[in-house]
Each structure stands twice: as C-alpha cells, then as structure tokens.
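The structures considered in this document are given below.
The following pair of complexes shares a single chain, chain A, combined with chain B in the former and chain C in the latter.
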Partner chain A sequence: MRILVCVKRVPLTGGKMVLTDDAQALETRHLGFTISPHEECAVEEAVRIVEAEGGEVVVMTLGPAEAEEQLRDCMAIGADRGILLETQGEEWDAQATAGAIVEALHSEPEPFHLLFFGNESADAGGYQVGIRVAHALGLPIVTGLKKIDLRDGSVRCERDVGGPRDVYEAPLPAVLTVLEGLNLPRYPSVPGRLRAKQKPLARTAVSPPAAQLEKLRLIVPEGQGKQAEILGDGAAAAPRVVEVLQELGVA
Partner chain B sequence: MNVLCFVEPGDELSAQAVGVARSLGDVRAVTFDGAYQPAAWAKALAAQPAEAIVAAGSDRGNEVLAHVGAILDRPFAANVTAIAGDVVTRQRWGGSLVEEARLHGSPQLLTVAPHTQPAAEIGDVEMLAAEDDGSPRVLERIEESSTGVSLREAKVVVGGGRGVGSAEGFAIIEELAALLGGAVGCSRVVTSAGWRPHTDQVGQTGTKISADLYVACGISGATQHVAGARGAKRILAVNTDPEAPILAVADYAVIGDLHEVVPAISAELRRVRA
Partner chain C sequence: MKVVVIGGGIVGNSLIGWLAELGWTDLVQVDKGPFPNPGGSTGHASNFIFPVDHSKEMTQLTLESMRQYRETGTLHECGGIEVARTEERLEELRRRMASAKSWGVEGCRLVTPAEIKELVPFVDESILLGGFYSPSVAVVDSLRFGTLMRERAQAKGAQILANTEVKGIDVEDGRVRRVRTTRGDFEADVVAIACGVWSPRLAQMAGASIPLTPAVHQMIDVGPVPRFLDSKTAVDYPIVRDMDTNMYERQDGQGLEVGSYAHRPILHDPDEILSIEEAALTPTELPFTQEDFELQLEHGLELVPEILGDESVGIKYAINGLLSLTPDGLPLLGETPEVKGLWSAAAVWVKEGPGVGKSLAEWMVLGEPEIDLQSSDIARFYPEQRTPQHVKGRAAEGFNKTYGIVHPGEQWESNRGVRVSPFYDREQQLGAVFFEAAAWERPHWYEANAPLVEEYGVKPREHEWDARWWSPIINAEHLAMRERAAMFDLTAFCVFDVVGPGALDCVQTVAARQMNVPDGRVIYTPVLAPGGGFKSDLTIMKMADDRFRVVTGGAHGMADMKWFRDHCGPDAWIEDHTSALCTVGLWGPRARDILSSITSDDVSNESFPFATWKTVGVDGLGVLASRISYVGDLGWELYVPFEHGAALWDAVWEAGQPHGVVPAGIGVYGTTGRLEKAYRAFGFELDQDYDVVEADMAWWKVKAEDFVGKDAHLAAREREPAAVCCTLTLTGNTRFPLGREPVVREDGSPLIDAKGRRSYVTSAGMGPSLGKYILMSYLPPGDHGQLYVQYMEELHPVTVEVVGSRPPFDPDNERIRS
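== the complex of A and B ==
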C-alpha cells in the first residue's frame, strides 16, 4: 500500500493572536510550529496501515524551507520519505496549493493507493485542497472521516454527523480527508527522531500563480480582552458561584 | 445578480446562508433528495446559470461548494461573515482571526460562517436532479449508541483542562456536570494525553458548544479551545492564574485550585437544594 499524506506547517498559537505590523500574517517570532491537528491523525493512520500491510508512507508539504521540521516530525513517527514543495514563505491560496500538489504527483514513479489530507487546515480553514486534488486526478473522495476500514480494493469510511455516523465506500485509489479523533497519534520516540534525520527528503522550488482568493489583510476580531467578574478566591467563592448559577437559571 | 443558494430544508445554518444570499441579489434556493452524494450534487449546481453560489458553512455546505469550485476551477471562500463587491470577510483559525480577501472571477462561490448572521425565511425551494455518477455517497447511517447529554446541545458544559491533572481527576468535573444536568467537556491537551475521549473535546478540532453556561476548569484558554467555547452564552473560569487568557473571554472567574473550588461548588449546590 502506497500512501501520500499532505500536511501544512502552522504556528502553535497559544492564548492570543498577534499580527505583524503589515497585518499580512501572525507574528510568529515567539511561536513554535506544528502541523494541523487533523493531519497528525492522517499521518498516524497512514503509518498504522503500512505497519499492518506493508508499503510506503510519503509525506508532502508546500511551505518555506523551515517546513522540513514538520516533514521530519512526520518521519519520526513512521513516514518513510518527504517531499517539500519549497516556497519563499508567501501564502498560497487553496487552488494554487492543489495545483502544485497535482503537478508534483506527476513526477512520482508509481501512483498512490491512498491520498490523505486533513479536512481543513488549522489556519486558513479553506475546506477544499483535498477535494480539488481529487477532481484533478479523477479520483473518488470522501471527507470529514473519523473511521477508515480498508477492504479488498476498496475503503469503508465513517463520518460523524453530530452523533450518528454516515457510512461511505470508495474504490481504491481514493482521496480521504480526516478529522482529529480518527485515532490517538503516537509521540515520536528518540530512535524515531534519529532515524528521521536519515530518511530521504526531496525539495522542489515552486513559485505561486496569481491568487484567485487573494488575501488583503488579517484582523483580530473584537471580543478578546473582556474583563471577567471575579467571584472570589478558592473554595470560599462557592456560595457566590451558586448565586450566579441561580441568576442564570442553570442551578 | 442571479444567486443560487444550496439549502437543506429545516437546517438553521441554511436559513442563515439564505439571508446573505438575498443581500447579493435574486435568490433561487435549491436542494436535492435521495442519498447525499456531494460530487454529483455539485455537478448539478455547477451546471446552473448563476453569478454567485452560496451555501451554509456546515460540513455539507463547505464540502459541496468545494466540489463546485473544483469542477468550475473557480476560487471558493469558506465561512464568510460579510461580502461587499468582490471583497469577502472570512473566518480563519475557527473564528479566532478574520481575513479580508478578494474573490476573483465569476461565479462567486462562498459559504456563510455559522451563527454570524440572523436566520431568514428559506421560502420556496426547488428540487434539483443530480445524476448518480458513481461518486461516493452515503450508504447507511449508524445511529448514536450513547444516551448521555450531547456536548453540542447541552445547556451546561463543565470542562476540564491540563489543571485537572489526570483521568481520575475528572470525577469532580463529572460530579458538577451531573448536578447541573450538563455534559463534560475538555481541552485538546486532555484528549491528546488520553484522559478523555476525543468526543469530549471542546475546540476548533473538537465540538463547538452552544451552552447557556460553560464552566472552564483548569483551562488556560488557548485559541484552539476558545474557538469551540465561543458559542457559549456565558463562561465561568476556575483558574489558579489570574493572568490566564481564558479570563479575557470569560464573564465570571474564580481564582483558585479547581480541586478545591469545584467540590465546594458541588457541596454548596447540594446544600441549597436540601
């Protein structure tokens, strides 16, 4: 089984959103980076499938040179090799990103049986890169998955619809987009991190076409900076808390 | 402007999307019957004449519009909160950040961010026919087995974060939730540690709650978590740190150790009810 997982480098935002002076990006000087949570589950699922059935997990990203860190993180939990579509750090819209992924897949020696994406990225939240790639490749796609069962030549998937689950089936090869909760991703081990440093990573420089969904500026919405009413300190606050619960009609 | 609006009858988010669609022009509301088949439905939508295609920023709305965008090779703006000409304002980071962006070309494809617009009357809805093209569709629905209060719909949610300290530590959170007839929630740190199942997670990648009251215990207030808690009408934070970011989004706060405060609230509730 050959599996591609597409991931995106995003900042670990913490408690507050702070923008750069030109309002084009988050101020990330003091932030670490990770991949979107849904994608962590996509990588874990791919690694589990290949551990059970054999094959190869390839992890791909479009991003700056520093995104190597995220590809190595994925390789530390079991991905076999990485592909970095290297930008100059500018943001790409979803159409351009999907186009670059499809282009890169043309130079892969063999097609993939499964292509995993997160359902939506943590930062831009466009809900579409996986779907665009599926259409460009003429492959079936199922999105928003919390359960995946491989069968002979097909895949049975479940999607949470607010409690109940809808069941889909798709023939392979297929594109699947997943949600956090699909599995509980492992933490990388120290030997895993060491092995990851030796695994192959291919870099291709890419330059962006004109954006069709063109970012103009970012804005931190109002509503941050509310002043909470302090009801008290420690256990002694309990009577006041219960009064408030009664006022709110929830006690 | 001719505006095509994909709706699901009876869906509150679709009613919100119709309101935005009407602000753009003459709306033709359409839907489909039969098993949900996103690629096939999108193909039918893409074949209709329209200068804009609008849907709800729901799982299905975002999915169907993304398919339309792929079929027409047009940009698609998800979770829009405002539109003026070709400039949309849309949510990023689950609503913790917004962007203004230019949506080039025609038709304009967009979904409306949930609970940011008032609901409108959906009015007449036309049934479109979608040809089964063999693309994946819903084969069956597995009904929910659990009988507890649903996190999404609970009137009260009591949530625990890193400060709870362990899976066992959630006993006092469960006790308070039960006394208030509410559901237990938690932060992403808790599900990543395996203390609670992912179905309990409140957050950008978990459940977005709409409770009358959210009691956030030992939760610092990362944007990931607040994106799921923002729908609560009131937030009460219990935290040892008066500088924690959760206090900047909370209405009320108790400064103190949740291991003392939460049992004291439960005891006081029992006392006043006795």
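== the complex of A and C ==
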C-alpha cells in the first residue's frame, strides 16, 4: 500500500492573533509552527495502515524551506520519506497548491493507492486542496472522515452528520480528507526522532503561477474577548456551579 | 512602609510572605497573570534542587530555601547523582565533595558506577566512571509554596492582585513613589521587582536597570515509562545530572523529564516576550526548536537507553523554557543604585527563591539579611557591565558553564578590553597576561619576566589543575619585588570622594575607625554591617575637612559607593573619580630610591611617614602619593589624572631601571604579597559572617562617635571569639589547594565553631619569600590535633603558623615602615 499524506506548515498561535504591519499575514516572528490536528490524524492513519499491511507512507508539503521541520515531525512518527515543494515563503491559494501537488505526483515512480489530506488547513481553511487534487487526477474523494476501513481494493469511510453517520465506499486509488478524532495520534519516540533525521527528503523548488485570487488584507475579527464569569467564592458557589453543569448537560 | 511587590512567581511570593512575617502590613502584590501560575519561569521550572554549589552564598540560600520548602510540606527528598563520563569530571566531583563539607551539606558521597546502577536502575552505568551522590536532593512544589506564602501575607492583610499589569513606576526626587497599574495607582515607599525575565522592562519604567537576559533552557517530557507505572511518588528514583553532556534526567510521575544546558545559547529580549493572550502555552514556554536538541537526544539515549530507547515512550511535551541569566551567573538582589526604594529581586531560580525572599525581606525590614548577599548585590555592576553587549555576551558564555567545570581562576572571553588603563600599551609590550576585574583589564603577570623564574629558581606546579590560570612568573615577580622593587597597575581601584560640609559625618558613620584626623592621613578601616560583620574594608585619605577620598577594590567598588551615598546627609555628596585617576603602585626596598630620583620633594621616612599622603612633583606632574601597602613593603600608590598616566609610568620605569624594577601583576598584589603579610581580603576572609575580633583586626581604639555596627562591634570585643582567622601552611608542596576547601581533623571530620560555622580555606597561595604555601582559615579555639585540608578527596597536612593577624613575613613590619 502506497500512501501520500499532504500537510501544511501553520503557525502555532495562542488566543490572540497579531498581524504583520501590512496586514498580509500573521506575525509569526515569535511563534512556533505545526500541522493541523486533522493532518496529524491523517499521518497517524497512514502509518497504521502501512504498519498493518506494509508499503510506504510519503508525506508532502508545499511551503518554505523551514517546512522541513514539519516533514521531519511526520517522519518521526513513522512516515518513510518526505517531499518538500519549496516556495519562497509566500502564501499560495488552493488552486495553485493543488496544481503543484498534481504536478509533483507526475514524477513519482508509482501512483499512490491513497491520498490523505486534512479536511481543511488550520490557517487559511479553504477546504479545497484535496478536492481539487482528486478532480485533477480523476479520482474519487470522500471528505470529513471520522473512520476509515480498508477492504480488498476499496475503502469504507464514515463521516459524522450529527448523530448517525454517512458511510461511503470508494474504490482505490482514492483521495480522503479527514477530521481530528479519526484516531489518537501517537507521540514521537526518541528513536523515531533520531531515525527521522536520516530519512530521505526531496526538495523541489516551485514558483507560484499567476494568482487567480488576490488577497487584499487580513482582518482579525472582533472577538468576544475573555468571557469569564465568577460563579462565587468557596462553598457558597456550589449551587451556581451545579446549575451551570446542568445547563451544560454534564450533570 | 507602603510596599508593592511586582511579580507572583517563587520570588515575589516568598518576599511578600516574609515581609508580612517580619511585621510590615501595608503590602500589595500584583501580577499580570493569573494565580497560581501567572506564566513566568516558575510555572515551567523543573523544580529540583541540588544543594551543593562552590559558592558559599548560593549554597546558604539554597539550604535556607530547602528548609522552608520542607517546613511547608512542599519538598520531596529523592536524592540526586551528578554522574561523570570523564576523568576530568570525576576530579570536579571530588571538588564538589570539598564544597559540600565546607558549606555543611551532609551525607554526600562519591559512588561507583555499580552503586549508581543500584540507585538508578535504568541508567547504562557502563558509560560512567562514577558519581557524586547527594541524598538531600529534592523536588519541590514551587507553585504550592508560593500559594502558601501569598496566603500567609493575605492573612496579615496584604492585598493580592492577579491579572493586574503594571503600566508605570513613578519616581520623584530619586525615590520611588507609586506604581501605576491596570487596576489603579498604588502609592509606595518600597517597590520590589520580582518579575523574572520581565524584570529589565519593569526597572526601565523607573529609570533603573536590571542587567539580565531571558535565555532558553530546553526540556522534554517523555512517557508513559513502563518502569514508572507503579510509582508510589512523583519521584521514586534519584535525579541524574549527566554533567558532561550538560543534561539532566528526572522521573516525573509516569514520565521522564530530560533537560539541557548543552545547546547553543538562545537569548531573547524582554520586550519581545509574547503576552499571555498571544502565547500558545505560557509566555515563558516558547516553541521547542528541535534542531537544538538533536545531539541531546543521542546523549540521553546513551545514558538511559531503557527509557529513551523504548519505541512506546513518546515525547509528550517539549519546550524552550525561558529563564534569567546574568553577566556573572549570580542573582540581582537589593536596592537599585539608581532609585531609592526600588528593589531588585531578580535572576533567582526555584532552588534559591524562598531563601532570597527571606533574605530580601530581612534586608528591607531589618537593614541586613542573615545570609550575606554581597555577591548578589545588584549594586555591584559598573555602567560597563550593564550594557546589552556585556549582559548578552557574558550570559551566552555563562550558559554552557551551568554544568561546566569552572576553574576558580577562569577568565571570561567575551566583551573584554572594555576598560583599560593608560599603561595598557606598555603592559602589552611587556607580555602582560590580563585578568579582568570589574570590566578592567589588569596584568596578572608579565611574560617579559620569564627570565626571573630561572633567576629565582621558581618551580612549576606539576598538576595541570593547580597550574591553570597561574604562572611561576608570579612568584618570581614577588621575589624581585622583595629584593628590588616592583611597579603595579592599580587603576582598577574604585576611587571616590565624599565631599561637602557633611562629609565628615558620612565617613564617620560608615567607617569603623576614627576619621576626624589631620589632613594628609591615610586610614585603613573596616566598614561594618549593622550586625558587626564586614560590609567592606578600604582606605580613606583625609584631603580636607570637607573632602575624604575613598579607595577601594574594583570588584566591590560600586557597592561601596552606594553604601557611602546611602549615608550622605543633605550636605554631603559623592564624586566618582574612578575613571579620572590612574594608579601606579611602587613597592620594594628600592622604592624610595626610585621615587626620590624623579622628585625633588622629600620622601624620606621622617617627612613622609607610613599611612600619610602628599602631592609630589614628578616631571612637572602633580602626583598624589599615598604611603600605604597591601604587599607589605616600602612604597607608594601614585595617582595622576588619566591623561598623565603614560608619562608617570614612563618616569617610574626609567628611574627604576638602575634599581632593577620589574613590572608585577595582580598575582603578586592580590595573593602572594598579601598572604605573606596575613592581610585579609574582602569577600575571602572578610564577609558579614565574621566580625572584626574574629578577623583579629581589632587593634584600633573604638571611637566615641557613632558608626554603623558599633553596638555589635563593642559586644564582639567583650566576648571570646568563636573562631579566629589564622595563617596555615601546607606541609608538603605537591598539590596546591585553590581556596574554599574544608579544614578537617585526621579522621576527616570538619571543624565547627560555637556559631555553627565550619572552617574552610578562605584564601590560598604561595608565600615565595617564606618558601611555603599559605592557607588562611578561621579556626575555633582549642587543640584540634593535626589538621588537614581536604583537596580532591585527599587530606594534606597543614601547620598553623599564626593564630591571628601577625604576619608570618616581616612580623614587625620593619619594611613597610622603613
């Protein structure tokens, strides 16, 4: 089984977002980076499948040179190799990103049986890249998945629809976009970390095509701010706490 | 007193609790974050304590902190082992044994690899040579302790405000007046900044500086560890410090925490720390930079393969935690020299926090802490040591020394050459080897004097450690001085004048000895702390009724200057001449011949006796000559304005050639010369722990006037001293202890005086004219049998040459008064 997982390097933010002076991006000078929880589950799922069935997990990203860090993180928990489509650091829209991924897949020696994406990226949240890649490759796609089972030559997928679940079955190869909660991703072990340093990583420089979308500026929406309500002090607060717990339906 | 304590980490909490305990009632504590973890370094601290440090002050603060943690039930003793992978480290662990005994840390012992394995079964002992086991190593709950201290203060009426950010600190007439916060203004007589990595920013609001830099300490937590699943406590096994890789491994519940001081120094700017809202975790838990930790993973894997090699054990938490680093690695405590009433309680780690809180509270409320904080006094820095360049340079250099093997003589490499005397070029040409003091470059010895080594038959030291940062040239320079004459660069002296109608009142209050003396006198005097211990020792020249010139050592000069300024009334003030005057010291039997050949003024013993000063003419220059000596020989300190320095040096040098003058370094001035004369040094023999009688320096009559520490001093004169500063010599000259080693009996047991203080070597160095290696130490009275100094886990026999201050060389001081 050959599985591709596409991930995106995104800033690890706190509660308050700060924009750069030109309002074109998040101020990330003092932030760390990660991949989205959806993508963490995608990598975990791919690694579990290959651990059970054999094969290869390839993790791919489009991003700046520093995105190697995220590829190594994925390799530390079991991905076998990485592909970095290296940009100059500019943000690409979904269409361009999907195009570059499809282009890169042409140079892979063999096609993949499964292509995993997170349901949406943690920063831009466009919900499009997986769908666009599937469309370009003419593959079936199922989105928003919470459960995946491989059968002979096909994949059974479940997605939450609020209560019951929709179940889909798709022939392989297929594109799947997944949601956090699909599984519980493992932490990297120290040997895993050390192995990740040695695993192959291919870098290909990519240049952005003429943008189809133009970003004017980012705006941080007026948040609700912190809405802390002090329920009381000491034992006297107990009745109000019970009330709140009942309102929340946990008591 | 209205007090505002800013900061709710381990330091602020300890301080507010102790201030309340000592009876201050008008207390406010603010922190911009929530309690119990407002987001500073305390919140992510690893919370373990290894008590033994080579510094007496730091060990005392740590032991006091452990006492408080234990008393509040927030301490869990688990033991700890510092392990050695190299022979050099084993030697360092032997030094640790000496420090443990000197400072009274009980139960420490060296352990074999097999014993380490028995104590910590998950290490691979095959890569280890041995270890230093401290059974009292503990893990503490610093957040819980902080809460208890806040509650203690609250119970006594203190106002505690979380989520309250300081927006400004108002200063009027040099005094702090109020703190402006997001919850209103608070009038204040005393403001303490206990803000950890943010402290510089707060100090700046008041126009003061707290010279520290936030720096990264990397830490990961792995788990669950199969071996720990049935653990009964959070830490069942001793904590391991893998000293040679600058790492530690400690159990934390079902996990193992691995921390490092090995990576490149990663320094931050206090202004760039994210706010609580912006930070993904807390503001001081920065995103982990994996690339800086790669090597550490490999090292960790080598030492604890059972855990870190286990594929099922995941890295669950990894941070770049911020902590505070200072230029010299020591805390920043005390009132800031810039603003009265503004106190620094910064650069303190969890292991010292409660002790620092108590000590600072004592200092504020009682005027003097029980533990001497002279090394940590924030007043110690010169402006040159407060610059970002200095702070960052030294912090970066010091970071990797956290677990390093630091020789007592080790010199800093960064930001050197900052303060140089007018003789610097001449000294360079003479091959001076420069050591640094208070940012000054001072020749420690001169390679140009190498031929003297053979001339005087000085032997090298066999052992590399004993010979490091040392040269036999020092002893040769010393012998040349005693036979001929030597000239010294003493420009690093801190020199300031107390001026004005109230000058006499100020110096009388500060100095223990009588200062109402005729013009032209030079008085060497102790400066006492209120409790009668030493605050400093220095010389004062009486220039005029309204002018006294204070000359003190460079290292402690800034703190001394603050102490005098603090005692200036409205009609006295301080003029700092440190950077205006340079100093040549000229001593030796030929000194008078040399000086008289370049001046027409009378420098005979009759007209220019010891302990006086005069202005003499040299080549048209007015030279202030002060006849005093710290090397115990005939001669003078010669002061001129900086711009005349080179001319003075050249004049003395030229005139000295027929008399065989040599340049000599601080190796002679600070060690060999003074030790032969049993002259005590501040910070070594003299500190707050010992009084004048114990130092055997009470040979002067107590004046009628009041002075700081007088009552305590009079009381000390009335009682038998619990210990007396003695001159010892080493019987065999094979190894050369460098100071701070314990003095013990034949069975290795320590000498403990009636006040509970242990005997240790306060200073050590050769006495070349005596042909003996000298050690100074306070010894309790009585016969202790044969005594030894414990050095590198060997006992070296010593002889008590002199009990008290009588000099072993030239005991009647004939030279100095000749």
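Here is the rule we go by: the second predicted complex is superposed on the first by the 222 of 251 C-alpha atoms of A that agree within 3 Å, B and C clash if a C-alpha of one lies under 4 Å from a C-alpha of the other, contacts with A are read in each partner's own complex, and residues count from 1 in each chain.
One rule holds for everything that comes next: a contact is a pair of C-beta atoms (placed from the backbone, for glycine too) under 8 Å apart; a residue touches a chain by one contact, two chains touch by 3 or more.
Computed from a predicted model, the values in this text were never measured in an experiment.
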| item | value |
| --- | --- |
| Partner chain(s) touched by A:L231 [first = chain B, second = chain C, both, neither] | first |
| First, second, both or neither for A:Y127, with chain B first and chain C second | first |
| Chain B versus chain C as contact partner of A:L194, first or second or both or neither | second |
| Greater residue coverage of chain A in the superposed arrangement, chain B or chain C | B |
| Touched partner set for A:G54, first chain B, second chain C, both or neither | neither |
| Touched partner set for A:K16, first chain B, second chain C, both or neither | both |
| Touching partner for A:P109 - first (chain B), second (chain C), both, neither | neither |
| Touching partner for A:G153 - first (chain B), second (chain C), both, neither | neither |
| Chain B versus chain C as contact partner of A:F33, first or second or both or neither | second |
| First, second, both or neither for A:G138, with chain B first and chain C second | neither |
| On chain A, the residue positions that both chain B and chain C contact, one per complex | 13-16 |
| Chain A-touching residues of chain B, taken from the complex the two chains share | 36, 38-39, 59, 62-63, 66-67, 69-71, 73-79, 87, 89, 91-105, 135-144, 150, 152, 155-156, 180, 182, 188, 191-192, 194, 198-199, 201, 204-206, 212-213, 220-224, 230, 234, 236-237, 242, 244-257, 260-261, 263-265, 267-269, 272 |
| Touching residues (chain side chain A, partner chain C) in the complex | 12-16, 18, 29-33, 69, 72-73, 186-194, 197 |
| In the complex, chain C residues that touch chain A | 222, 272-281, 286-288, 290-291, 294, 297-298, 300-301, 308-316 |
| Footprint of chain B on chain A - complex, ascending | 13-17, 26, 37-38, 93-95, 98, 120, 122-128, 131-132, 134-136, 140-144, 158-159, 161-170, 179-181, 184-185, 211-221, 223-226, 228-239, 241-242, 244-246, 248-251 |
